[in-house]
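Below, chain A partners chain B and then partners chain C, in two separate complexes.
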Partner chain A sequence: MRAGILRSPSPLPGFGLSFGIMMAALSVVVLLPIMALVGRGVMIGPAELWEMVGTRRIRAALALSFRAALVASLFNLVFGLVLAWVLVRYRFWGRRLIDAAIDLPFALPTAVAGIALTALYAPNGALGQMLTPLGIKVAYTEFGIWLALIFIGLPFVVRTVQPVIEEIDREVEEASATLGASRAYTLRRVILPMLAPALLTGFALALARSVGEYGSVIFIAGNLPFKTEIAPLLIVIRLEEYNYDAATAIGLAMLLISFAMLLVINIIQIWSRRRIGDV
Partner chain B sequence: MSDVSFTPRAASVTTETALTRRIVIGVVMILIAVLLFAPLIAVFAEALRSGWAASLEGLASPDAQAAIRLTLIVAAIAVPLNAAFGIAAAWAITKFDFRGKALLITLIDLPFSVSPVVAGLALVMLFGTNSWLGAWLIAHDLKVVFAFPGIVLATMFVTFPFVARELIPVMMEQGRAEEEAALTLGASGWRTFFTVTLPNIRWALLYGVLLCNARAMGEFGAVAVISGKIRGETTTMPIMIEMLYNEYLSVAAFSLAAVLALLALLTLLLKSLLEWRYAGLLAATRRH
Partner chain C sequence: MLLTIQIGSHVLAQGTFIRRLDDGQIEIDAGNRRMVGRPIASGWHPKAMTKVRDGAFRKTFSRISLRRGVVAALTSLGLTFGVVMPASAQEDTEILNVSYDPTREFYRQYNELFSAWWESEGHAPVTLRQSHGGSGGQARAVIDGLEATVVTLALSADISAIAERTGKIPEDWQSRLPHNSSPYTSTIVFLVRDGNPLGIEDWDDLARDDVAVITPNPKTSGGARWNFMAAWAWAMEEYDGDEAQARAYLGTLFRNVPVLDTGARGATNTFVQRGIGDVLLAWENEAFLALAEQGDGAFDIVVPSVSMLAEPPVTLVDGNITSERQRAVAEAYLEHLYRPEAQALALQNYYRAWDTSAASQEDIARFPEVTRLSIDDFGGWAEVQPTFFGDGGVFDQIYEEQ
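So, the complex of A and B:
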C-alpha cells in the first residue's frame, strides 16, 4: 500500500493506519450512502428521473430553493463585505462583541433559529407587528425564506474576506492616493479586485449552504406547494409518503447542484492561487 | 531628521471620511441587531413568557428529558469518533505525500455542501428496508433507520469535516521536522504522536471539537429524515423542539430551544477565548 500510493517516502510511521482509518470512515459515513443514493437513481433510470424532476411541484420547489438562496447570498455578499471591512478597519464600541456574534448562525441550531425568526416576524410577533401596518408580510411568504437564509449564510463571506483584508498592505492604498485617486476609486479599483477571490469563495459557500438549508426555513416558510415549499421539504414529504423514487429524484437534483458548487469553489481557489499566490 | 514632522493626518488617505464611517457603522449595528441579536433574544423571551416555573416544567417533562439525554449520548459518540477520524485524516494528509490528495480533501469537505436532508435521504437509501444492506440488517435484527445508530450516522455525516478542516492547515504549517527528530532520538511512532504532535495541535483540536459538538447537538435536517421521530425514543432536542412547536406548546418548545441557545453562546464564548488566547496555534486563515 505504502509503495503504491505514496509519491515520495516519508520517515514517519503510520501511513497505512491513518490512511486506512480515514478511508474506512469516509466510506461508511459519507461515500457509501451517497453511492447508494446514486445507485438507486441508476435503478430508476435517467428518463424517469428527468420526468419526475420535471413535474410542476418539484420544479417549483427546486426553483424556489435556488432563487431564495441566490437572493440571500447576494445580500450576504454585499453585507458580508461591508461587515468584514468595518470589523478590520474601524475601531468602535462593541466591535469585539459583533465580531464574536458573527458566528452565531454556525453555533445556533437551525431549528432554534427557525422558530425564533418565526416568533419575531409572525403577524403578532415583536417585529411582525411593526411591519404588518406597513403592508409588509414576512413570515409565511418568500421574504421569510430569504430572511432565514440570510441568517444562516451571514458568516461565510465575512469569515473568508476578513483575513484577506487584514493582510492588505496600506502602502498600496497610499500609493493609489498619491497618484491622485479618490478614496472611492481606490476602494473600487484597488481594494475590490484584491478581495474578489475571497468574496466569490464566501459567496459560493453561502450559496451551497442556503440551497440545501432546511431547519431554519420550514418554520417561517408556511410551506405552501408551488409558493413557499422548498426542495428539501419536498424530499421529507415524499419520504413520509414512502415515495422513495420521487425523493431520490429531488435528492439527486440537489446533489448535482452541490457537486457543481463544489467544483466552482475549487476552480475559484485554483484561479485565485494563480493570480495572487497562496493566500 | 526625525519622524516628529509627520502628522497623523497622513492616515486619512487610507480610510474613509469620519461621516462615512459613522453611517456605515450605524447601518451595520442596526442590521446585526435585527438579524442576529433579535432572534437570540426572542428565544429567551418566548421561553420565559409564562415565567420561570412554566419554563422549567417544560424542561422537566419526560419527553424533554429523554430528548436531552439522547442528544447528549449521540454527541458523546459522534464527536469523539469524528475527532479520531479527523486526526487520522490530518496525519495522513499532512505528513505524507500521496496521489489524489486534493480529491481526498474535496471529499472530506463534501458534507459541507450537501443538504442535510439529502444526507439523511442517502443514509435511508443505504440502510433502509428496500436496500440489500437494509434487508440483511433486518434479517439480523439490527435497526439503523428510524433508530439510534441512524441518528449517530446522520450526525457524523454532517459533522465529518469539522476537526479535519481545522487540523489540516495547522499541521501543514508545522511540517514534520519535530516528529522526525523524535523518531531519530528513538521514540516509537505512538510516543512521537502523543508527546510531540498532540501537544502541538491540542488547541486547534479543541477548536475543531467545539464546533463539531455545537453542530452535532443542533443537527436537525439529517436527523429529522432518519430518526422517524418516534417520541421519547428517537427524538433528539431539535426534533423535540419541532414537535412541541407544531403542537402549539410554545413555552415548552422555546424552553428546550433556550437550552440549545445557551449551549451556542457557551460555544461562541469558548471559541472567542481560544481565538484570543491561542490565535497563532489555530488554523492560519480563520475558518469560514
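So, the complex of A and C:
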C-alpha cells in the first residue's frame, strides 16, 4: 500500500519533493539521534542494559521522574481545562494579557524558570517564608519538582484544548438544557466527551515533556539520591563518569517507558473516538 | 540554532550554539568538534555560504553508505555543520585556556599580565581566551573535541581522563611542570554563618543532628571530591584507619546535606543567596571570595584540624597544538604562572601559591595554618577516583546504605 503510494504519484503535484524534504528534516532532527541511541543500546546488549538500569538508585530515579510527571500532568489536565474554558468563554479585563502569558513557559529558558521558582519557594524566599512556619517545604523536595513540571507543562494542555472549546456551539448546551439536562449532566455527557480527545493529547504532550525535563528541575530539586534525584540528572552523572553505556541504558529505559505510556494514551483516544465519535 | 562565527581573520565556521564566553566570543558545536570565535551578526558571506552548501551536500551523500550505517550518517551530519577553511590558515596565534569555575577572576587578570609581559619581550601579540565551568564537564568538553590549547582544571583526575581517552596529552603530563604541575594550591575550609552560632569547629560537628551541610555532588564537581576526601582524611585519622567507621561518619555527614548542587558555584549560591544550611564546604579561595563579595559580617571562615592539599594542575594539550609558534606561546603561558608576579596575583586571588617574593604582606598573612594531607596519601587520584567516586564506589555506597 505504502509502496504503491510512492510509485504512483499522488494527484496533487509536488509529492516527491515535499516528501523528500519532510524525510530529510525528520531524519536529521528526530530519527538519527534516536537511532544512534538505540544503536548504541543494541551494541551493549539487552542483558547488560537490564543489569545497568536494575539498581535500586536508578529505579528510584525513574519512579520519581515518572511519578512527578504524572502528578504534574494530571494537575495541568484539570487546571489547564479550567484556564482554557475561562479564556474562551468569558470576556474580562486583561484576558489577552493572560492569554499571552500562557505561552511564557514555552519561551522562557527552563533554567530561568527553575531559578525563579527556587528563589520564590526557598525557605528565605517570598513565598517560602510564609510556608515554612506552616511546616510546608517546597523547594528541595518532591513538591518543588511537581511545581517546576506544572510550570513547563501547562501551555500544552491549554493550547490543545482552547481551539476545541472555541469550536463548540453554545446551541449544543442550550439544546441540552431545553431537553431537561442539569448543568452538571450537560458538562459530563455533552461537553467533556467533545473535549476528551484534545484533553488526552494535551495531557500526553505535557507528560512527555515533563518526563525528560532537566533544566528547571535541577535547581529546585535538591538532587539527593533516592529522594529528589531525577532520571535525567542520573544520565548527566553517568556521563560525567564517562560511563556512556550506563547513560545509554537510562536513556533507553526512559524512552521505552515514555513510548509505552504514549501508546496507552493513544489507545484510550482511539477507543474514546469509537465510542463517542470523532469531534 | 545555527550560528556562523569567524575564527581569526579569515576562517568561518558554523554550528549549534553552546555558550557565550566572557569576552563576547561564542562557542559553537560544529558536529565533530567545538570552536570559539566572534559571532557574525547577520547575513553570511555569500562565498562562504556556497562553500558550506557545496561541501556539505557532497560530503553528506558521498559518506552515507549502508556499510557504515548510522555512524557514517552521523559523521556526515557533523560535516553538514562543518568548517570552511580557506587557503590562508589562522594568522594570529590564539590560546584557549579551558579552566574550572572559581578561576574565572584569576585568569582574567593573569591573561592581562601575560599579554603585557609577552609583548614586552618583543613578541607579536597573542589572543588569549578562557572558558569556565564544572571541572568534570570541562574535561568532557575537551574529550568531545573542544580545542583547548591548555587545560587548568580542579584536579588531576580530570586531566588524566583527557589523556587516557584522547591521547592528546602524554601520560606523564603531571611531571612536566614543577609542584605536580600545580602553580597554585588551595584547601578545603568551612564557611559558616556570622558569629558561628552553632559553634562548628571541626569535622565531627558536621555529623551533628542540628547541622545542615552544603556541598556539591562529588559525581559532577571537582571541588566536592576534595571536600569528600578532606572529610575522609579527618575520619581516617580520628578512627585510626578504620574504614567502616570512616564510612559511617561520611554517611551521617551526607544525611545532613539537604541539597546536592552540581557545581561549586551552585553550592555557594545555595548557601549564600538561598540561606540554606549552616556550613558550606568550600574551596578556600571560594570562601574568601564569598567573604569579599558579601562584605564582612555575613560569614566566618572556620579552618578544620585536617584538610586536603588541593592541587589544581595545569597542562598543555599537545594534540590540539597547530603550529610551533602556538606551542611556544602556550608553554610560556603555563611556565609564566610560576613567575613571582603571577604567583603574587594567585595569592591576591586567595590561592596558596608557592613563591611569595612579589606578593604583598596582606595577601600572604591571610592564610591560616592548616594540616594539609596530600591525595597521594590515599593512593593518588588514579586510585581514589574509581574507588570513591566511580559507579558503585564509596560515595554511592553511603547512599545505598541509608
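Definition applied: the second predicted complex is superposed on the first by the 226 of 279 C-alpha atoms of A that agree within 3 Å, B and C clash if a C-alpha of one lies under 4 Å from a C-alpha of the other, contacts with A are read in each partner's own complex, and residues count from 1 in each chain.
Keep this in mind: a contact is a pair of C-beta atoms (placed from the backbone, for glycine too) under 8 Å apart; a residue touches a chain by one contact, two chains touch by 3 or more.
Just so you know, these numbers come straight off a predicted model, no measurement behind them.
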Of chain B and chain C, which one touches more residues of chain A? B
With the two structures laid over each other on chain A, which partner does A:Leu12 touch: chain B (first), chain C (second), both, or neither? first
Between chain B (first) and chain C (second), which, if any, makes contact with A:Leu104: first, second, both or neither? first
Regarding the shared-chain residue A:Ala36, is it in contact with chain B (first), chain C (second), both, or neither? both
Return first, second, both or neither, reflecting whether A:Phe66 touches chain B, chain C, both chains, or no partner chain. neither
I'd like to know which partner A:Leu224 touches here: chain B for first, chain C for second, both or neither. second
With the two structures laid over each other on chain A, which partner does A:Leu262 touch: chain B (first), chain C (second), both, or neither? first
Of the partners chain B and chain C, which touch A:Ala119 in the superposed model: first, second, both, neither? both
On the A-aligned overlay, A:Met22 touches which partner chain: chain B = first, chain C = second, or both, or neither? first
Touching chain B in one complex and chain C in the other: list those residues of chain A. 32, 36, 39, 119, 125, 233, 236, 239
Touching residues of chain A toward chain C in the complex: what are they? 27-28, 32, 35-36, 39, 56-57, 118-119, 122-125, 139-140, 218, 222-226, 233, 236-243, 246
Spell out the residues on chain A that touch chain B in their complex, using ranges where they run on. 5-8, 10-15, 17-19, 21-22, 25-26, 29-34, 36-37, 39-40, 79, 82-83, 86, 89-90, 92, 94, 98, 100-113, 115-117, 119-120, 125-127, 150-151, 154-156, 159-160, 162-163, 170, 173-174, 177-178, 183, 201-202, 205, 208-209, 211-215, 219, 232-233, 235-236, 239, 244, 247-248, 251, 254-255, 258, 261-262, 265-266, 279
Spell out the residues on chain B that touch chain A in their complex, using ranges where they run on. 13-17, 21, 24-25, 27-29, 31-32, 34-40, 42-43, 45-46, 81, 84-85, 88-89, 91-92, 95-100, 104, 106-119, 121-126, 128, 130-131, 133, 153, 156-157, 160, 176, 179-180, 183, 189, 192-193, 211, 214-215, 217-221, 224-225, 237-239, 241-242, 245, 250, 253-254, 257, 260-261, 264-265, 267-269, 271-272, 285-288
Chain A partner contacts - residues on chain C that touch it in the complex: 69-71, 73-74, 77, 80, 136-137, 140, 143, 161, 165, 217, 219-220, 257-262, 273-276, 389-391, 396, 399-400, 402
